[in-house]
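Order of writing sets the labels: A, B, C and D. Residues in every chain begin at 1.
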């Protein structure tokens, strides 16, 4: 028994380690970019990112990875992990008092950014000192601000998109433009609509929440409990009165966006959605969606946001990560990414800041076929509300809809 | 020779078996009580109170329990039936060899394969469409991510049935159950009675411990419900891993609470069945 | 001359062997009669070297072999269950002792054939142990020991699990072989008849003590052998039958 | 009736295997295409493209499982012996069930802190260690059914027939233990080969075994590469088992092929569903 007590003590001792929370310092200033490129050579870095889209994966694995290897001699290792997994694995490292992280680079935005900042897991500010940062359209409220939080250089914008709903024009002749119309439509076409219990689904819910809160900019600013309660009560009521007409009678919701896309592709659903306004084109090009698929933004609008690259505060290869991120925001990599056949992700660069030659290239990106032009939908763009809204929606969606 | 090789080996064995468990348990317990963790602020029972106040946790517990119960019952009944059919057959008929196949399936692979067999856009659905039995994708009955966990149960049976069938068959042979069956029939029992009153009870009694062990396995099933389950209710393991990697950092201690609760349950059940048997035997 | 002195063994607090002393000539068979639990198996196992005694000496012509490791003693222990090596066939079981001594294959073959003939298992050589009957197994077991020409055989109720017919055959076989190979043997049994048939020396064992008798008559006369009771029983039966015949 | 039952059973068992093989050779698989889908080996050809993640994943899985099986065998063989002949043997042995019966994903989550702290997470070695936590005790469970009183008797008998300890080990112990060792090796291999939960949690997705990678493909709703991964998981093992089975049956009598399997199956369940 005595031995056992020692054992427990031992375990406790090793568990009570301290976690360093010192703000990481940025010493990039003391190095020229050439020196930094040299220092980054031969490094291996790990990027944790959402793996849910084959085209994005292909862009990373068969374009970015070989390019950074060839240009900078950096080995980019990509591991899967969504926002929440990123937070939990970095948090465990901090709790364990680690001095270096397994993950150097993370693909994040919104509430993940917010949480990582909360636990001081992000390195920065670094973004504005990257050579290619001068081309970034920092002035745009959809780029320089992430879920109402100023980015402040702790993450670097990588792409900018607006959410669209996607429908099959053979099954839906005129897509519902308001929530009332959507209600009528699902009653007339039971089982053909759903939203995912995931990031994209929540992004749609945010647009609905804003609509119930009065539309437009009504949820801008810090999180407001009263506003949330009022709007969300209406939101849950709307969903719960209609969910019997949702897919699988609203008893379950697709876990992954990929699953919802598959249901749409197979004709089980008439609607799917995407955070990326041009995804419909690349999915048709892949042969996954039928030719009759179309994307649109309803009258109540849709969230436009950016996604970012961050550097973990415990990364041992911050210099190399900066080199890779700088490459990701180079006109070349951004242009490639914008091609709907490659990914179709909107650029974060202000094209007017680029040389004429590049400006032309950006203007000649293969056009959208079934997706609306960005200029058309930009008028309906909604700002991301504060991250707490997203977190509360996630929690309450489970409580009030899935279990309700 | 104070320690001796024997004692070193035995100590190493005990440590390997128990130390990691103990360490994990202590950490999770500490976390659930607010002692460890970046977001925790000292000792509190709040997380535990929150866990047991949440409908989510209870439905997960009850669901896991029911799923385990139904899974193990199905396995026993089917294995019983198959052993009844196999007992008079030669040792290794083709069908019996075929039944070894599921033993080579990882749970991930089995869950994946059955998902694409059963889902509305899956193989069975396409076959039934081709045969004109179903008109479109929605008219095919839902067997994955469904209310009744049909998919999960099917995969559970698929994975475990072979082992139970082989053991049951071998045991029925060595216990001469077929002869007893004949005797019972001559005494006026119906076929069904023979099966439910004689065949199954005899086998279940013999393999009581093994059945408990498999029930414990089903309690910890993870990949299969991850692939084939609904978003709610979730099995315990999915509940735990989701809470630990939730958006809300406040929920992480809940995951640890449930992990502590789950492992304590397993510990108690195992200790009861493993060591009680020993004491009655000696 | 084989001599055992002050031989003792304790398990925990239980004194299984209480300072045994006895001696016997080489080439003789000492038949030891005893109920189960009297310590006879422990006696044989400690003599064989399977278990270490707590004290005492075991002398062969004055040489203490107690310190020798099992494989150098030349003493073979055989139990009630014929423990054949389950992965070897009959031939390889028989040849085992020669094989590990690196005897040439040809010699092995020759010796095994001769022995198998003697034991009446020459047509079983290719079989696996699981295919043999109880009597056949015990023959193989016996032959496997004989082929190593041991200085001593320790037999722990070797025929106890055989049916009576087979048992008689085996007893006969043993007596012949013991004669031929000049075997020194301790033969433990709980069957008085078997003790009388097999032995050339006799003893009884109870509560960890062994008592040797000077002659067959002394053994029969002794209370603890139970021979008198046995004889009385048969006489009663006979006389009852006789009376019936008279009527 | 009998025939119907037989074919139902055969279908039940074969369907998943046929399904993954089928999925691995079709592409552009939209509902309701079945046999008119596009068939090609392109998902397999990727394996040989040099940069293939899947091929590397296969190699890594094989390595990991071989290492685990070897460790399990060695640990099981020697520890089981000490346990079998220890005074508290059977009580000690039962301890091996505890780590084995906790769902690996939960065990992994509870231990993640320590693994991260000691720099073991996200590495091959870390995953090895994590799997050892339940594979080694399990190996002891299987091997302990070999170490019976009977084996000890045979060992002593061998000695009394004139073999020294080394010779007896070579001629008796190892040949006798072979079926058990084979079984332990195979079981440990399979447990490691099948493992998902702890490998995912403590490998942080960096140690991409076949089960980890097929789950990743599955989450991308990318069934065809996932099917290739599943085929890679099942078919080589199936072939190995068929060959081993044939060879075992030919090389030795029924004794060795059956004894340990019957023995250990009834005592120690194979890991499933977790």
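Note that a residue touches a chain if its C-beta (ideal position, glycine included) is under 8 Å from a C-beta of that chain, and two chains touch if they have at least 3 such contacts.
In this text the structure is predicted, and so the values were computed from the model without any measurement.
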item: Intersection of the contact lists for chain B and chain D; value: A
item: Those chains which touch chain D and also touch chain A; value: B
item: Of all other chains, the one whose Cα centre sits farthest from chain B; value: C
item: Distance from the mean Cα position of chain C to that of chain A, given in whole angstrom; value: 84
item: Chain centre separation (chain B, chain C; CA means) in Å; value: 54
item: Where chain A and chain B are represented by their mean Cα positions, the distance between them in whole Å; value: 36
item: Inter-centroid spacing, chain D versus chain C (mean Cα positions, whole Å); value: 47
item: Residue list for chain B, restricted to those that touch at least two other chains; value: 23, 27, 36, 121, 137, 244
item: Residue numbers of chain C (touch at least two other chains); value: none
item: Interface hub residues of chain D, defined as touching at least two other chains; value: 31, 113-114
item: Set of all touching chain pairs, with the criterion as stated earlier; value: A-B, A-D, B-D, C-D
item: Residue ranges of chain A in contact with chain B within the complex; value: 7-8, 11-12, 15-16, 19, 83-85, 87-88, 91, 94-95, 111, 115, 118-119, 191, 197, 248, 251-253, 255, 262-263, 266-268, 390-391, 394-395, 398-399, 402-403
item: Residues of chain B defined as touching chain A within the complex; value: 19, 22-23, 26-27, 30, 36-39, 55-56, 59, 120-121, 136-138, 142, 145-147, 230-233, 244-249, 252
item: Chain D contact footprint on chain A (complex, rising order); value: 14-15, 17, 46, 48, 51-54, 57, 61, 77, 79-81, 89, 92-93, 95-98, 102-103, 256, 258-259, 261-262, 265-268, 287
item: Chain D-touching residues of chain C, taken from the complex the two chains share; value: 48-50, 69-71, 73-77, 79, 83, 85-87, 96-97, 99-101, 128, 130, 144-145, 148
item: Complex contacts: residues of chain B adjacent to chain D; value: 5-6, 9-10, 12-14, 16-18, 20-21, 23-25, 27-28, 36, 82, 85, 95, 98-110, 112-117, 121, 123, 125-127, 129-130, 137, 156, 158-160, 163, 166-167, 170-171, 207, 210, 213-214, 216-224, 226-227, 236-237, 240-241, 244, 255-256, 259, 262-263, 266-267, 270, 274-275, 278
